[in-house]
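Structures for review follow.
The same subunit A turns up in both complexes below, where it pairs with subunit B and then with subunit C.
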Partner chain A sequence: MFDYITIGLTPPLMIAMAFTLPIFTLAIKRKAFYDIYALTATTIALMLTAYNYYLVFYVAKRPIAYPFGGWPPPIGIVYEVDALSAYFGVFIAAVMLMISLYSVWYLRGVSGYEWYYTMLLGLEAGMIGCVYTGDAFNLFVMLEVLSVAAYGLVIFYRMSHEAIEAGIKYSLIGAVATTIYFIALVFIYGSFGTLNMADIAYKSRGGGEFPFSYMVVGNIHLASAIALALSMWAFTFKAAVVPNHFWLPDAHPAAPTPVSAALSGLVVKVGIYAIIRFLYTIYGLDSLHTIANVVSIVMKLLIILGALSALIASALMVVQNDIKRLIAYSTIMHVGLIVISMSIGTKLGIEAALYHTVNHGIGKALLFMSAGVLIRVAGSRNIDEMSGVGRYMPLTSFTLTLAVLSLEGLPPLAGFFSKLLLYEAFIDSGLAIMAVVLVVSSTFALLAYIKLLYGAYFKLPTKELGRVRESWTYLMPLAVLAALLVVLGVCAPIFVDEVLTPTSSELLNPLKYVSAVNEVVKALGG
Partner chain B sequence: MKKELLIAMSMVITVVVMAYIATLGGGLGPLFSDVRPLAKAFLSTTLDPEKPLFTAMSPEAVTAIVWDYRGLDTLFETAVFYLAIIGAIAIYRDVNEKVGLKGSGLGLSKIVRVVTKVLIPINIAIAISIALHGHLTPGGGFQAGAAMAVMPMLLIVVFSRYFLLELKLTKGLALAFRSIGLTGIALTVFLPIIIALVNGVNAYIMQNQMKVNAPVGLPAFIGNSLISGSLILYNVFEFLAVTFGFSVLFLLLSIEEDIVKDQMRGEVSEH
Partner chain C sequence: MSTELDIFLANLSLISLIAIIGVSLYGILARPNIVKKIIALTIFTDAANLLAILVGFRRPPSIPPVLLNLEPRATDIAEFSASAVDPLPQALVLTAVVIGMAVNMLIIFIALQVYRLYGTLDARKIRRLRG
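Take a look at the complex of A and B:
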């Protein structure tokens, strides 16, 4: 009974919980109620995604498809969770739980928490939906869900002109980006006659008939070229790869700090996920000859853009005085490195990219959230004005330093091992120049981080704050994320063997992705 | 000047390339000549009482696609609209709409007011019929909600928003009705699962009619009238959600700028 229902349950359940939340606002005003509501929802999401991970990795050992409404794909929509989706799902749900835990502290004395939580749940539903869906059009819808929630959250501080400017910029250009992806879908449906990812993947590799959609109907070579070009534009916008990065340094710092952590740590990673899905599963180097050529050109371009992102963003990091802006630029740099690595096309490259995605996400969330505590106490985001506020808060300063060291790549923290893996992947595929990019951008970043640590901790305090009591409500999520950084670092070899190797080998074998859908079609009477 | 020229040129090139690929290049496949295989599958199964395990039981294929075959997309499109309005409510949080409440002497001339009063029942009847017939004829929950939302818009323009406040049509009330609609949608999504749990059989999220391995079907008929199972439920709840979603937005947007700014002034933003 209910085969694999947990696969399909997570995003609809999250959005249902977001739907019902406003009813309570009519009767209940207490903040504690909404804290518990949001924590319950995010905990359920983590449990479900963790269970899905267990199903995919240890029970089924293959991708699992869940047909909504009982319609066989491509007639209906399926969620298809393979190792990659399961991996991203757990990562997103785990960090989101820590972010909502931190929000409990952060939202004290801030009005509008009920709407904040509603949008946060919508954001999480959108992100998990993006990584779980097996339907290219549903990916568009889920991107819209996560984007609309993100726009609302960025503009949450309505009296801050910075937030309003950033929000309007982000939402207008974001709407253009999703629309461009929609146009890409028009070309895909027009030529392939289907929107199911597995179906497109099968046909782009020269496969024959597929149930219900039969053969291709148009010129898939030309249509795929334009669809790839357009969708990459949209996804590099979401992932903030140069030259589509310009909105990020405004939008991420303007948002409330936990939202900055979610945007920088997770939302850009959904863009990364979509690029991987398009370049390895839907299309790929093993597609029909003409399409494979386009894929290989796109990959080469992405390597160049990734290198530019890493270099430009790391150089700009050094000159920032706003602590949140500095951290936001660091996101562009790390995304650049991830994009280079995943565009090489080797197994090692994918593994390094996936590993760094998670390490950066956790490290960046921890860095934003630790900095947020210091900002609250210092009353300023300017690094010079913060002058040594960290001295009053040793525990927060410790987690801040840990996050910085992990992002910079100091052993035995997680960031060191993923940067090492990136380095190996670059050298291994003969891209020594990219290894130089990695080292140079890390050096620039080091300068910026030294500036950050100096301002936040080492500089002599200009004003006396007395004894500052650190609250366990924010220390708990910080401690969990810090512990994760250490654990992911210490267990690096096990992590690579148990998680990354199966994920990358499944990703390089897209026919497994197709066969999971075929089984569903058979079961439902295709 | 140079910059504008560059932008214009690149736009022209993009449009030409895309137009070529879409038409002469065959990128969009056969246009105007044949229906795609997938579309044929939809059309042939949308109302087929002889194959009760593979039909949406609705003669209106568009509604069947919107709420049954591809219901998940619509559920989350509803979520997009919902979150956009939540964003607006968040921006207007704690703004007291009743400040400066004026009497009902406002509004347009008597002629306009009488005509509006005549139009309102017609408007309600049309909107409800679009919602209730959504599974039979073109229309559906969103369209009906958009038609119904004309009413608060007209009332605000013709009678002023204070008139609505006197009728107790406040933001809170609209929000309550909207939440009822959305909760109804969420319940309909999980309804087949709940029924299956009680009966100990298999079912899928958002299922409408019975499937080969999931013998849970919502009733397609009441008496002799076709209701198409979950489609009518979705349409009615979406109608509620959209009507009152727009109402919330209109009520918020019609608050005078001075009143909003006065109440927001001096608010401290955290970082």
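Take a look at the complex of A and C:
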């Protein structure tokens, strides 16, 4: 069982690699060193997460738990990777590798790259830690690692008014959100007597004694209701669900472009992951009767909030003139759709949500990074002032268009199949009104995307730029992400069968998650 | 000591902590001055930490959370868990305090930068972004 050392190795190794980077700044000034360092670190992360994915899906075929320091859970911290964690881990590491590759081009002529890479690697370490951890308090710690890195990256241009204003808004309310999650943990600990996710999951389902933390110590019904309400507030803030979305349209555009891609594509997805973990694994519709009632109320509320997110954000998308702000609103809209789908509670709904999470993450990263190239050349983020700069850069315009078409949902790109799956999930569970929300918000988004494409490509250029050489350093990550969109779309049936079906069926069977930890406890003589 | 007094004290501290949380949230959301917002934020995190300490609290006479018997019997453990202070919330609070310090330092730096760029700390006047 302890052969699975990569499970426990991945997040601490990432943290170590991120936070030893500042030491090198004492001796080395060359940008190339930091580029190579970041690329090596993100490549190692991708290899480790892919190996963990292989372990969970093909070797063990069940969740794998790794106890730190040999302490049996729930005394020690345990990292637990089930299909959902492995899936999110690979997705995060793959997109982060492309983002750091793009950063090599983006950071030319920008000072402070060493701190940028420190925070970018810290962000990745926090995200992978969040999805791998099997301990609710460790989730709080990793959430703070992620948040501090994200605040730092948002204010990277610290002499820009916009970045500082977005940063103060984001960091103040973000600190409140994580503290609220801490208060939720206090309630959980006070009643369940444990912070281990598997332990809470077992007890909330009426399981008897779990080794080591023998019994519940308080009123778990009331405490679970309070803890769920508080933690959902914190996670919907992270995931930018209306009404907790207000920071996103300021913070994401103000950050450097690769960071916008990481924040929009990946960081909000960690919020989604945490909501799924709380609503399906830790608590669930199969929990004790009173807790299950609370869960179903929370799910209904999330469906309504998700629908509001999709509608409000898609309507606001149309009126934006700033290209990055427009893309940021699109993130809120897609997160709304994902939240509706995962709150339905059916297998199909979870599959659709997970599929759309990945497709949106890749498509949004591609869209932000392609737009970033156009912004650099046009010298403006205003869509009207960009005036057809895309005509000089056919390859970048191609990837931009591909990303837009995938997000809008055109076959055979990946976005079409996930929107189809979302639509099926809504109809299947009798929520026809949500299918209407999907269609209406997509229509509004289409208007906004037409505006974006018109400004970037179709409009006649007002100034002569001559021949713009397109650098392969940024085309390489864009090409990989574009190819991923096509591959995920073409291979949609295989992807659903091979990846999504096992993931969702494992998620709906939380006792598997518990038994993995239980085996560790037995092996350690608990 | 009587158990009524215990319950009264526990309720009193719980209610006052919830009141502090309410006041500090009001401070963060409604006060215009960013420095006052930051002060309210530190009060908020401290109230959350106190709440965690309260969960593990035992009225004196309590014993230190150290098991002296190397091979404890079940009765030893029962006696121990009935009279020792729960150390885990204190460990959680230590972690949360350190994390909170890092976040507060970053927010204070951003506030300083706000003052340098805008010449004011009034949140109502820092409104260049719309929508």
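One rule holds in what follows: the second predicted complex is superposed on the first by the 524 of 526 C-alpha atoms of A that agree within 3 Å, B and C clash if a C-alpha of one lies under 4 Å from a C-alpha of the other, contacts with A are read in each partner's own complex, and residues count from 1 in each chain.
To be clear about the criterion, a contact is a pair of C-beta atoms (placed from the backbone, for glycine too) under 8 Å apart; a residue touches a chain by one contact, two chains touch by 3 or more.
Note that the coordinates shown come from a computational prediction; the quantities given were computed from them, not determined experimentally.
Of the two partners subunit B and subunit C, more residues of subunit A are touched by B.
Touch criterion met: A:Val176 reaches subunit C, while subunit B stays clear of it.
Looking at the shared chain after the overlay, A:Val487 reaches neither subunit B nor subunit C. In the superposed model, A:Tyr151 makes contact with both subunit B and subunit C. Legend: residue contacts after superposition of the two complexes on their common chain; A:Val59 is shown touching neither subunit B nor subunit C.
Residue contacts after overlaying the shared chain place A:Ser111 against subunit B, while subunit C stays out of touching range.
Judged by the touch definition given at the top, the superposed model places A:Val436 against neither subunit B nor subunit C. Residue contacts after overlaying the shared chain place A:Glu165 against subunit C, while subunit B stays out of touching range. Of the two partner chains, subunit C is the only one that A:Leu185 touches; subunit B does not reach it.
Contact with neither subunit B nor subunit C is seen for A:Leu465 once the two complexes are overlaid on the shared chain. Applying the stated touch rule to the two superposed structures, the overlap between the subunit B and subunit C interfaces on subunit A comprises residues 137, 141, 144, 148, 151-152, 155, 158-159, 183, 186, 190. Across the complex, subunit C meets subunit A through its residues 21, 25, 28, 34, 37-38, 41, 44-45, 48, 51-52, 55, 88-89, 92, 95-96, 99-100, 102-104, 106-107, 110-111, 113-114, 117-118, 126-129, 131. Within the complex formed with subunit B, the residues of subunit A that make contact are 1-3, 5, 8-9, 11-12, 15-16, 18-20, 22-23, 25-26, 66-71, 74-77, 106, 110-112, 115-116, 118-119, 122, 125-126, 129, 137-138, 141-142, 144-145, 148-149, 151-152, 155-160, 163, 183, 186-187, 190-191, 193-194, 212-219, 222-223, 225-226, 256-257, 324, 372, 375-376, 381, 523-525. If you check the complex, the residues on subunit A that touch subunit C are 137, 140-141, 144, 147-148, 151-152, 155, 158-159, 161-162, 164-168, 171-173, 175-176, 178-179, 182-183, 185-186, 189-190, 249-250, 316, 319-320, 325. Residue ranges of subunit B in contact with subunit A, taken from their complex: 17-18, 21-22, 25-30, 36-38, 41-42, 45, 53-54, 68-73, 75-77, 79-80, 82-84, 86-87, 89-91, 93-94, 172, 175-176, 178-180, 182-183, 185-186, 189-190, 193, 196, 200-208, 211-214, 264, 267-271.
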